[in-house]
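Shared between the two complexes below is subunit A, which pairs with subunit B and subunit C, respectively.
Presenting the complex of A and B:
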């Protein structure tokens, strides 16, 4: 195994058992994150981005959720086989998470200081005074003015952007190896988004934390990420470095995704090209490729078999029958 | 704003205050609640300093002073054994308060534990505990208390037990509902994501967020428990004579209701004011803690 490899997810499948049937929220997810790298995970709503993140953390509510199969190798350990005690030590310490909505992700009845200190005291075996010192330091690092005073404030006394800074301070307080950020800027307005992303990028550079950044925004991916993973209907369809995703996309879904973006440099009345159709019902996935119905490159085999995850070029993985011949199997 | 400095001051408080301070700000505006709070505080002071305030020993029998009308020596008159009613009312406050607080605490502790487990873990544990709760609450509250007291015999400890054990079901339901609501919050997920254990999540993250309605219900409930204690004592199942209790004073006085009405009027007034105080305070707390009246949002 690659020395630099921090996280490798292979063929992860997570189902949700509901009254309306079994929802295959993650249906064969493959990804890799190297130490200190930023991976952008893109895909439309319901494509399994958050479920993948929660599965890595083993925070899927069970029931109704269930991780059916797969492998999540983190730092040489399969998290899907880890005991609850091991997971408690990993969560917050080695892997930390930032959530989408900072307005609801902080406990309203505890001061922000208490909440930052919690992780420090849990994992670093620090006493209260030491933890508090560290918490103030973290608040300063994420750019909260008057950190010594603000630490005793309650979440409602902070604005949305400030709260997301607090969340970041919480997440990074134990120097995790991996930070999972689940749409950290979706709930914030655009100027604050830029600040938060800059902050995350700066902190990453300082601490060498790898980031798994879940987002809808390809612009953010282009700016921040070294690697990109494209997801569609529970599948990972393409994984490559950010440059070749934009210059040499391989999966028809990625083509569609890039084609549907507005471009500033085209000076013509150009219509955006949406991808025709709807994503499939996750309770009732097609026998073949999940994207086949909407794909303009469809071949007969696409409706009969699931495509396999192939490394078409070095470091460029695609799951599509267009490339079956050239590709070598990856395992 | 010069026109509305009071509102400004309030907003300033919101900026810098804790949640309980906010609750107090809102409670302060409610005159009825403040009256209730006044009654409750008054009762607590009377109970605490009963031995200082009371002019006579409440159990001292003086047959020559039997059934004296209220006068300067005996402000509320005397009972059939010549005991000073005023002193007995004051000491009765102590009994009422102790029973109200201890019995309610027992109910709260049992109810919160059962409700929290039920709501947090769900599944068969929840079903089992809620069915047990159903069975307990299927008995009429007062009848069950009478049955337990008859079985155990009248004593202070048994009253705690009887009133505590019949009262917990509502707390269990209340807490369970709140816990189910709160445990789905994002911040609970966030707490889990930093590696917090179940116990820590329940105690530090869920319960503090679930406790507001419990506070309200407790304030309302103490009045009810005090009333129930008076009822039990009235039936001779409560505080053992000669120890003073408002309920047993009523019972002793009921035979003389037409020729010595002060025997029943004063204990009645005492019970009335106490229950009124707790109810007004409880109502006020409910309004102060009601998220729909949240002034922060209006701001």
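Presenting the complex of A and C:
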């Protein structure tokens, strides 16, 4: 195994059992994150981004969820086989997480200080005074003014952007090796988004934490990520470095995504090209490729078989029948 | 905060006035003559008339009410027609018994109710959860007096482990309060269990619970530290009002268990048309309700930091 490799997810499958049927929310997810690297995970709503993140942390509510198969190797350990005790030592310590909505992700009845100190006291075996010192320091690092006073405030006394800063302080307080950020800026307004992303980037540079950044904003990916994973209907369809994704996308879905982005250099007369159709029902996935119905490159085989996850070029993985293993496009 | 409390105390005045007026008015409509009940049937009309005058019962309704109010404001709740004792003294004698009964009932209801509720929320849809849901339904449907009598029969008569009547004389004797407390608190316990379960289930689905788990906290810490305090906010509102209801709901239980509390006293007073006692007890219970209501509102500020009274 690659020395630098921090996390490798192979063929992860997570289902949700509902009255209306089994939802295959993650249906064969593959990804890799190296030490200190930022991976952007993009895809539309319901493509399985958050479920993948929650499965890595083993935080899928069971029932109704169930991780059916796959492998999540983190730091040489398969998290899917880890005991609850081992997971508790990893969560918040080696892998930390921040969520989409800072307004609801903090406990309203505990002070932010308490919520940050909790993780420090648990994982670093620190006493209250020491933990409080560390928490103040973290709040300062994420740019909360008057951190010594604010530490005793409750979440409702902070604005949305400030709360997300608190979440970041909390997540980074134990120097995790991996930070999973699930759409950390989606609920914030645009100027605050930029501030939060800058902050995450700065902290990452200082601490060397790897980040798995879930987003549906390709602009954020272009700006922050070294690697990108594209997901569609529970599948990973393309994985490569950020430059290749924008210069040499290979999967027809990625072409569609990039085609639907507004561009500054093309005059406004040109209309955006949406991808036709709707994603498939996750309870009733097609026999072949999940994207086949909407794909303009569709071949007969696409509707009969699932494409395999192939490394077409060094470090560029695609799951599509347009390509053969040697890296040639085959028509 | 202090301004809020003062404002609330002033708001209590019309409520108390309204209640006193309503009871006064209703009692005067209840059929039955207190003087006849007091003196028996073979008394000359003249004597009855003079007693009526002595008690002020011949005066018009409004005059009687205003007189009563004036006296109450001076701390005089009148005298019992039957026992000829000061109502205020009678209340002071009986309140501790009722208060102890309500405390025991509340303690039983809250302790077991919360425990059952939390456990069934944490193990949703398990056998335990189904069982407690069924149990909750039974608890809410059982008549208090029936449960009281069954408890007397089982624990007092068959097994002979607990006393079934009286309060054990001076002072507080816990064993006398266990059966009536359980009978009185059983429905409340079922209600607390149901309320805690639904409140806890709602809280456990919140984003901050996910955050707490993502921090690596154990399930116990997540449930009791992060879940419990949030889940208790709606439960605590109920706890206050429930305590007040228990104080007022002791009539049946005190009568069945012959506990000399205000419920038993009220029961006797109503059946003998002892107006001053009925008035006194009702006014006292009304006061308990409004004061507890106020305390519940104040306690919110401590439980829920988002609430500030300015």
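A few notes on this one:
Rule of thumb we're sticking to: the second predicted complex is superposed on the first by the 324 of 331 C-alpha atoms of A that agree within 3 Å, B and C clash if a C-alpha of one lies under 4 Å from a C-alpha of the other, contacts with A are read in each partner's own complex, and residues count from 1 in each chain.
Heads up, the rule we're going with is that contacts are C-beta pairs under 8 Å (C-beta built on N, C-alpha and C of every residue); 3 or more make two chains touch, one makes a residue touch a chain.
Just so it is clear, the model here is predicted, and its values are computed rather than measured.
Aligning the two structures on subunit A places subunit B and subunit C in a clash. Touch criterion not met for A:81: it reaches neither subunit B nor subunit C. With both structures placed on the common chain, the touch criterion links A:122 to subunit B and to subunit C. In the overlay built on the shared chain, the residue A:170 is in contact with subunit B and with subunit C. In the superposition on chain A, contact is made by A:97 with both subunit B and subunit C.
Applying the stated contact rule after C-alpha superposition, one finds that A:106 touches each of subunit B and subunit C. The residues of subunit A shared by its contacts with subunit B and with subunit C are 57, 59, 87-93, 96-97, 99, 101, 104-110, 118-119, 122-123, 154, 156, 167, 170. For subunit B in complex with subunit A, the touching residues are 15-16, 18-19, 185-187, 189-197, 204-205, 208-209, 296. Interface residues of subunit A facing subunit C in the complex, by the touch rule stated above, are 57, 59, 63, 87-93, 96-97, 99, 101, 104-110, 115, 118-119, 122-123, 154, 156, 167, 170. For subunit C in complex with subunit A, the touching residues are 125, 206-208, 210-218, 225-226, 229-230, 233, 303-306.
Taken in their complex, subunit A has these residues touching subunit B: 57, 59, 87-93, 96-97, 99, 101, 104-110, 118-119, 122-123, 154, 156-157, 167, 170-171.
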